[in-house]
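Report on one structure; see the data block that follows.
Labels A, B, C and D are assigned to the chains in the order they are written; within every chain, residues are numbered from 1.
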Amino acid sequence: MRRGRVELARFESRVLRGNAAGDPHERLVPVYLPPGYDAEPAHRFPVVFVLAGFTGRGRMLLNDQPWSPALDDRMDALIAAGSPELILVMPDCFTRFGGSQYVDSAATGRYETHLVDELVPWVDERWRTLAARDHRGIAGKSSGGFGALRLGMRHANLFGALACHSGDMLFEYCYQPDFPKACSVLQEAGGIGRFLEAFVAKPQKGKDDFSTLNIVGMAACYSPEAGAELGVGLPFDLATGLPRADVWERWLAFDPLRLLPAHADALGSLRLLHLDCGTRDEFHLHHGARAFTAELRRLAIAHTYEEYADGHMNVSYRYDKSLPALARALSE
Amino acid sequence: MRRGRVELARFESRVLRGNAAGDPHERLVPVYLPPGYDAEPAHRFPVVFVLAGFTGRGRMLLNDQPWSPALDDRMDALIAAGSPELILVMPDCFTRFGGSQYVDSAATGRYETHLVDELVPWVDERWRTLAARDHRGIAGKSSGGFGALRLGMRHANLFGALACHSGDMLFEYCYQPDFPKACSVLQEAGGIGRFLEAFVAKPQKGKDDFSTLNIVGMAACYSPEAGAELGVGLPFDLATGLPRADVWERWLAFDPLRLLPAHADALGSLRLLHLDCGTRDEFHLHHGARAFTAELRRLAIAHTYEEYADGHMNVSYRYDKSLPALARALSE
Amino acid sequence: MRRGRVELARFESRVLRGNAAGDPHERLVPVYLPPGYDAEPAHRFPVVFVLAGFTGRGRMLLNDQPWSPALDDRMDALIAAGSPELILVMPDCFTRFGGSQYVDSAATGRYETHLVDELVPWVDERWRTLAARDHRGIAGKSSGGFGALRLGMRHANLFGALACHSGDMLFEYCYQPDFPKACSVLQEAGGIGRFLEAFVAKPQKGKDDFSTLNIVGMAACYSPEAGAELGVGLPFDLATGLPRADVWERWLAFDPLRLLPAHADALGSLRLLHLDCGTRDEFHLHHGARAFTAELRRLAIAHTYEEYADGHMNVSYRYDKSLPALARALSE
Amino acid sequence: MRRGRVELARFESRVLRGNAAGDPHERLVPVYLPPGYDAEPAHRFPVVFVLAGFTGRGRMLLNDQPWSPALDDRMDALIAAGSPELILVMPDCFTRFGGSQYVDSAATGRYETHLVDELVPWVDERWRTLAARDHRGIAGKSSGGFGALRLGMRHANLFGALACHSGDMLFEYCYQPDFPKACSVLQEAGGIGRFLEAFVAKPQKGKDDFSTLNIVGMAACYSPEAGAELGVGLPFDLATGLPRADVWERWLAFDPLRLLPAHADALGSLRLLHLDCGTRDEFHLHHGARAFTAELRRLAIAHTYEEYADGHMNVSYRYDKSLPALARALSE
């Protein structure tokens, strides 16, 4: 089998420099170059930005795992099986809160801007991409699927195709159920800062630890709040334990389901709009995916949607479907 | 040890006759009579109505269990240890939906009316109670605690003391997190009726089965809806999976936290107002209990509140605290 | 529907008096008398001893439960549906270790003797039984199924039919897997006595608590050991944590699978020999049941065997099959 | 911070060529070279072989993870903090059964021979190691800890120091409890081959899947059997479900606890013998570790032993202790 290769490129971000969370502004960005890249030195290739899920970053997509190929090996195999060749870019938008949701936030940093204004042109300059909207795609899973869907809606001038695997949406179902537990954990920890310290120090993190990190992380992204601890506005009051409706409204403004109506034209202009979800998704994202695609149908926006009889984790096998479809859509 | 005895009395309810759920209007009501009841035939005793939790009814309070005494044995021991004597009444307000929350509902039946207008006078007629508000109490655990608290607030003319153990409140935290899962289960089952059939037929019911029954049961109690399947208005749309805000508002009208302000006088008039909760309550009820008692403190309403380092199940040991306190308050 | 009734009889045991575990020698034994018992005062009825599982005793078989009838209500319904009438006796062989396995043990008491030499004649004297081996059966579930099977094998002169639901056997699979965990728990607790104290005091007992109690209880029954703490010989050394092969051999001597060859004649003489098991039994008892019935087939011993696609808990619905079959076998 | 680098070397094994499991005989072996390796081109360094656990291989030790550094980054940090420099070799002994336990087996391949006869000399030839027993160590976690301990015992001429983190031992406790479940799973799957196929195909593998793979994997390593399916002798009979004592004896011959007496001299000759375990190890390995070290004490064999209040997973933080200790022991 012909093999591509990965360059692990260092990117120094101006946008992220001095970010509030104190995370590095230098990042390592793996870029997969397909077999033809070196073989045909004059050729240009479509490119897809692949966004990691929460607690992840680009390099993790290349991790060695026993029964699931790393993204580069997977792409090699897809190309060997007939997929058009693609460049894959794997950004690092990790933060001390576990992720960035690929949005701009005063508590984390300007990750949307970083991706859109910095990484996109840098990639086009540095590698032989087909540097045009119709040959550039974005994809991801879970929080990466959310990022792909939201950025695709908001930057239709940059991305001509997108794939959203089990992406965060219908926030009432995917986030709200964890609020009471997260509130208890944070109260016991003595606040966000102490929780994060204990979380990092704990070798074996449990289910409640991750649920709490998830809520803290989303709050850092969706509801930064000047004056709050670490600048993070929680969706509940740590003193009383009660829900905060105003903060919740700020979260909902990021829900792809709520963003859809205002971005129908952008979605309708895509060369490929692909969504999927597992029907036993532990974050109940199948409800969101069904509502989102029902609305797409109602608005007659072309898309593909697939459901799988599984859950939220270990679904990278679904790239076997989306990556060749993206490659075809972006190669035309 | 001197022992009381239990009469298992049959009550034929006019209020429940022809109830929408098709549940029996004849019920067996265990009544515990303390040791002195037979020994002092001229004496009258205070009475406490003890309300079972969801999926329970009065008789279950008398079940034989390996390391936790049945309610009659427990009361015998408390009296032996110095508690004033009490009559205990254990109503049966079970329904095909798993319970009644002790409210009137077009989908289940008029259980609040049954309890207040039928059982209270019947008990006073049939047994030698001190038939007055200041000698009549109400208590319960979980849904029974909710019932005790709500009925105590709404019928301060009937009940002079109440104890609420881990009672349902702050519905955003105790019910809402189960909506997406219940929605999935009901969709897969093909509606409420089929879900209930399968539930009853299944010897080994799982966690999701009970979560779903709980949501269906609460909907039957809080949001009956003419024309809906079995008359039950679900808090989500089974076709789209989306939350229904109007139904949710109807639920919130039953939340003790929301009822409190309008019933402050009633609560303030009680001879005993006792609440407790476990700090690891699986339904997150400690957040509600803290918010409720914080409001009591703000309004300077006398009460007692205790927290235990445990969860929601198997907390009948807490009656060791509340029953003697009720007995003392209702004996004065 | 015609209804039978339950007498809760008090039995004072000479055999259990002064038992090593300090458990009461007076026991309450519920006896179910079928509808015809009072209606036909000259008639005699077959009798079945129904043995509760570990942590249970006879009275628990009558507990009120939301979706599963108590044993008396179940028998009423079976008789209404055509089953011959039966007297049911529900012994109390509970101990401080959680049960007795219905065996004689120096650490618990002589429960086999109690049942066989005391209860059987007492029942025949006190109620209108058909007081003969061919009209007397024994049945039970889990540890009660083990008891029924073992006592049926050893006392074929007393019992003419038996039903064993998910009974303990193939001890390598049903007990041994819990040894390492039980060893850890007992080491941390500081011995058997302290473990039992903490167990009783803990309102919400967890999975490991029950697994440990189970191993301690079996050790008390199968391997009493003079000089050991509470007279209980554990199958591992608490100081080193290592398995004790000699103790294990004593356990295996109680395994119905090992008892079978020496009791083939007794088993072959039964009017009914019924076994069943769930194929997802959490104690892996389906392996034992299959091995036991394979051996029965090899020896051409008549029996019935059924498998159900469920687990170990809440299987009392299976009495709907075994009780009428026992009634028929014992009525002929 | 000064950084080392990793060479991902390809090794073509003669020993593994044509192995029975059909696994590749060409392997990628990451070799970590410390910062001084390039800086001091005449210098030679001690070397440690780090063995991955079950379902792992060397490359996984370098995986990017959110809150736990990859092995190369970890070693860089340890060196920066004062540890002597070390070369780390990360063999790939993965098989279709999930691993090799680093033993020779007719069902998997000759992995012990591969490591000892092929990798050790190849490393010494290809990199600037201190090519002597007193400067060569071996370490690992879980199955890798087992491998390190067993190979260290058997090849004291090759390895002068070893560290065993939560290594497999006391097989009665770490493997046997999973036999009944694995037997059920394999029976339902229809044998080993079908189980493995289904396992690989299943994106989301559950707890029982992994337990079963583990038992199959151990059987492939410890009890290969000519004529059995895939050459694997299971420790139970798939037809009857019963345990096979003869196979079990073959397993026990690999238990480090049983190997210890015959290898006391080898263990006593080590410059460093380090073991540790979590006190809540899910495979109960703390019992084994305590028994092993108790025996070491009895035989007056020098060693270090630490217990941690955690479980079996995510314990790579313990390399922070063992790697500098190995580095010091092997640098003298």
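The definition used in the following text is that a residue touches a chain if its C-beta (ideal position, glycine included) is under 8 Å from a C-beta of that chain, and two chains touch if they have at least 3 such contacts.
Note that this is a predicted model, so its numbers are computed, not measured.
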Review point. Both subunit A and subunit B are touched by which chains?
Key: none
Practice item. For subunit C and subunit D, let me know how many angstrom lie between their CA-based centres, rounded off. Key: 46
Review point. How big is the gap, in whole Å, between where the Cα atoms of subunit A centre and where those of subunit D centre?
Key: 35
**Study point:** Averaged-CA centre spacing for the pair subunit D and subunit B, given as whole angstrom
**Key:** 57
Check your understanding: Which two-chain combinations qualify as touching?
Key -> A-B, A-D, B-C, C-D
Check your understanding: How about subunit A: which of its residues touch subunit B in the complex?
Key -> 170, 172-174, 176-181, 183-184, 240-243, 279-280, 284, 286-287, 290-291, 294
Review point. Mind pulling up the subunit B residues that touch subunit C in the complex?
Key: 55-57, 59-60, 62-68, 94, 98, 199-200, 203-205, 310-311, 313-315, 317
